[in-house]
Amino acid sequence: MSKNGAPWQENFKFSMLLYDARYRGLTIQISVLIAFLLAFFWLANNVVQNLADLGKPIEFGFLGDVAGYDINQILIDYTAQSSHGRATLVGLLNTLLVAFSGCVAATILGVIGGVLRLSNNWLVSRLVAGYVEIFRNIPVLLWIFVCMFTFTALAPSPREFRGADPEASMLFMDSVALTNRGIYIPEPLFSRPLGNIDLGIFFVSIELLLILACLIGGWLFVRKNNARALQIQNDTGERPATFLVNLAAMALPTIIILIALGFHIGKPELKGFNFKGGINMSAPFIGLWLGLTLYTTTYIIEAVRSGIQAVSKGQTEAALALGMRPGRIMSLVVLPQAMRIIIPQLISQYLNLTKNSSLAVAIGYMDLVSTLGGITLNQTGREMEAILLLMAIYLSISLTISVVMNWYNNRMKLVER
Amino acid sequence: MSNYEFVRTDMLPQQEPPSDTVGVIGWLRANLFSSFYNTALSITVLFLLGSVLMNAVPWVFLGIWNADSLSHCREIFASQYSDGREYACWAVVRDRWDQIIFGYSFGNLEEGLFWRPVFALLFVFVAITPILFPSTPRTLYLATFATLFIYPWLIWGGSLSSYLSIAVLIVAAGYVYQILSKYMISLFSIGLMLVFLILGLWLLNAPISALIHLILPFELQSIPSREISGFVLSITIGIVAIVASLPLAILLALGRQSDLFIVKKLSTLFIELIRGVPLITLIFVATVLLKYFLPKSVNLDPVLSVMILVTLFTAAYIAEVIRGGLAALPSGQKEAADSLGLNYWQAQRLIILPQALKISIPGIVSNFISVLKDTTLVSIVALNDPLGIATAVRSHTDWNGIVWELYAFIALIFWLMCFSMSRYSMYLERKLRTDHH
Amino acid sequence: MSQNQERKVDRSKMQVGDEVAIQLTNMNKWYGEFHVLRDINLTVNKGERIVIAGPSGSGKSTMIRCINRLEEHQKGQIVVDGIELTNDLKNIDKVRSEVGMCFQHFNLFPHLTILENCILAPTWVRKTPRKEAIDTAMHFLEKVKIPDQAHKYPGQLSGGQQQRVAIARSLCMKPRIMLFDEPTSALDPEMIKEVLDTMIELAEEGMTMICVTHEMGFARQVANRVIFMADGQIVEQNEPEEFFNNPKSERTQQFLSQILGH
């Protein structure tokens, strides 16, 4: 026992490092840290040694070298003459594209599925349950393969569209061509284009910016209009109809801009052995997108179901007893409570989907793993750099998503108490 | 007398409900046709379901089981059915099921090695019974311990003694720990135990193994890791990952829950790093980078490297499950253990972990399911898991053009395993919840 | 059991009118094969205060939940305020906004403040202007003696306070009939009184009430009749004095001796 509280005035004995509550934690931490650093330096030393023996010290200069390979789906300018760094960027954008498309599709299907799962129609609810049990208990890679191969096996080849009496024909008034090389959909074109802005890394079309501006403006108007409606509801009790005005505010300016720019669609056309024009959603993209969506949807269905079911039945009953209608009960009482459970699960599913999109490499979709971790790695032989960079990029995507999640969770903690 | 007075003299018996609210009709009305909207929904769904089944059922059940190749199948369709449609060519499953399940190494019927993975799996079932059914005798844990060595022996082959000598060393290390822990704090005795174990494996393994071989001279044809394939590979990676990751996961979970700043940060760093990257990048690390991290003298084959990285991957996820279990324990447990004078490791080992792990079992089972599904990723680095074998079969001239039959077979097996385990984990979860009340 | 200092109940406005508020005629309900409510006949006039007692599982909750159609009956007739409850959604809506209900577990909306709980239904169902709804809500919150908690969330209140908020929330819809399903049975003893006092006040203002409760002190003071249910049927019914002092049926006597602890 310390008599006057000054630790160093006592005789310090070496054994106190272990048996004195004040130092023991420190001792343990320092031992762990030393062990960790030893292990770390051992590994690092091995790496440096091994790489030095092979004559390839770690450096990222290869990212500036000419890539020399083609990528079949590009969102920004890229040719075989571009650098490996640019190929990586193209791959990253492809990853983000398929992840984003997958998240959107899975969310829509998942919310619909979750609601149907809770439907009081036995058949529908069992059917959705069956879908969930089948899809989530089979590896996602297998689903990606099945989607990809089913697509390429069942869709007609471009050849079958040829001739006077073709075996296959285009859909939706000759605007969409579904072939085993991919789906060709119409592309937006402008007869009075405004050109591009050079952002250094890539170009952004001014038309796109204008349309975006219109949409944002429309959305701001919608918010204002809704606030006004709420104000009127607060004052008079009656909520004015806002739907049509909102719709017009969102759509009209965009339509006017589109007309002013001479918007028309470029339909894909069969030229020679393949389709030209339009936007090509390649077969690997479709296979990956479908596979990821169908698999992740099951988890979102479960999240929605569990979130809604977690709101006790008493809540609905109390609202019913107050005379509220089922739709309003859903939007004002049940969903706000369910969202607290659903949204964190949703975000973690987005994270999973993004990570699973790395399976692209199995079916040849040119995502980050196929470019940086695939062809670039093989061509440059820079395994260490390529894989570390790959992991770092994924890690930063994951961290971004976690930051969003934490922000949401903290905000939810603030509200309500 | 009051005007409200009423006394029932004879009690009413139970009556039958109106006939349209019970039985088949009542059920249909309540569950399928309760409103106009519901009726429309039911009819639409029935119609869609019907049209899908009308196509799928004949495809499955009119399929051919007896054929040598896809073209042979097609000949049979043409001669047997005049409708010109194609049906399933299940012959590919009949031809290759043994490869898909047992892989190339055990898959050859003539060599008669089937029994090894089958027995290995049976041992696993015996091993998990004491964990799954707490009422079984405790001595079964011995079988669990034995399985840790018999399973690898049955899969990899070689001399039984080399596996048993490791077992002997581990038991010895356990005794070393018990003796040491009387004289020093647990963390150091654990450290010294590990040192003993490593030195033992390095220096004593060969002599002990030779000694055991004199008594138990059992030897199986040895199978190199890279030849393990098919579902045997998937299941082996899954089991190795779960079992080997548990100790690490427990340490990581305790570390992340601990008050010690550095320990907590290091554990968190490891867990978040691993959880932040896709498994495929870790598999790349295993097959491409691992050799750089180790001294030149160490020569790991790809299957072992993958197992190591999948183990680290699993450990991060299971650590989070266990952390949830630790957090769910009432703080009174820790306080009670402290008040009895138990030190940190005693409290963890005797009081906290047994309870936390019990709560964590459903989560660990779900993780096992995920790992099992994720093992399919090894096909990307050219290991022969079922999907890898399917690719090989599909590129064989006999079966070129086959798609769904093979994947349906593989999917069915995965589904049977994963579905039954997920049901089991849900059952456990329910049971845990009711046990607590 | 009984309150130590029972407050004097002012019976001046507690008058039973001639108008029929609720009428159940030969009402039957089944849960699957289980016959929960058997041939219930009950007429409630305006201004009546009815207490329903009976063993657990006898169908008390089910019966009052049928009155605002939280449960559907299969046979017989329920007429509330002249409106018959059928599958017609419009009628159901009308009945529900005329009938207030308080639950055993309060069922306040945890994501809304006390005030928001109270104005939710008036603004969305009654289409009352917000300011007016707030004024009404504050009026009733004052009445149940918690105006200063209006901006807190339900989780921050005690059980008794929560139940009083639940009563205020129902009152904000200006119901003509109030249903109470064991409003005090989830409360600690010291909180029961505050809730009962609120209910007594309500009765003093002439509200038509049906209460499922085992608070016999409340029944004696406030009720104008007590109904005893068992096995899904009304077994005995009488004015409180008669009911407690001179129960006729054997089941009633048995039940009373159990809850009064004789």
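In order of appearance the chains are A, B and C, and numbering begins at 1 in each one.
Definition applied: a contact is a pair of C-beta atoms (placed from the backbone, for glycine too) under 8 Å apart; a residue touches a chain by one contact, two chains touch by 3 or more.
Owing to the predicted nature of the structure, the values given are computational and were not obtained by experimental measurement.
Judged by the touch criterion defined above, the protein chains are all mutually in contact, each touching every other.
Chain pairs A-B and A-C differ in how many C-beta pairs are in contact, and the one with more is A-B. Averaging C-alpha coordinates per chain places the centre of subunit A 51 Å away from that of subunit C. Taking each chain's centre as the average of its CA atoms, subunit A and subunit B sit 28 Å apart. Residues 2, 4-8, 11-12, 14-18, 21-22 of subunit B are the ones touching subunit C in the complex.
Residues of subunit A touching subunit C in their complex: 233-239, 312, 314-315, 317-325, 328, 332-333, 336-337, 340, 415-417. Those residues of subunit A lying in contact with subunit B across their complex are 18-19, 24-25, 28-33, 36, 43, 46-47, 50-51, 53, 119-124, 127, 133-134, 137-142, 145-146, 149-150, 153, 355-356, 358-359, 361-362, 369, 373, 377, 383-384, 387, 390-391, 394-395, 398-399, 402. Residues 30-32, 34, 38, 41-42, 45-46, 49, 184-185, 187-188, 191, 259-263, 266, 272-273, 275-281, 284-285, 288-289, 291-296, 369, 373-374, 376-377, 379-380, 387, 403-404, 407, 410-411, 414-415, 418-419, 422 of subunit B are the ones touching subunit A in the complex. Subunit C makes touch with subunit A in their complex at residues 68, 70, 93, 96-97, 99-101, 103, 105, 107-111, 120-121, 123-133, 153, 155-156, 166, 169-170, 173.
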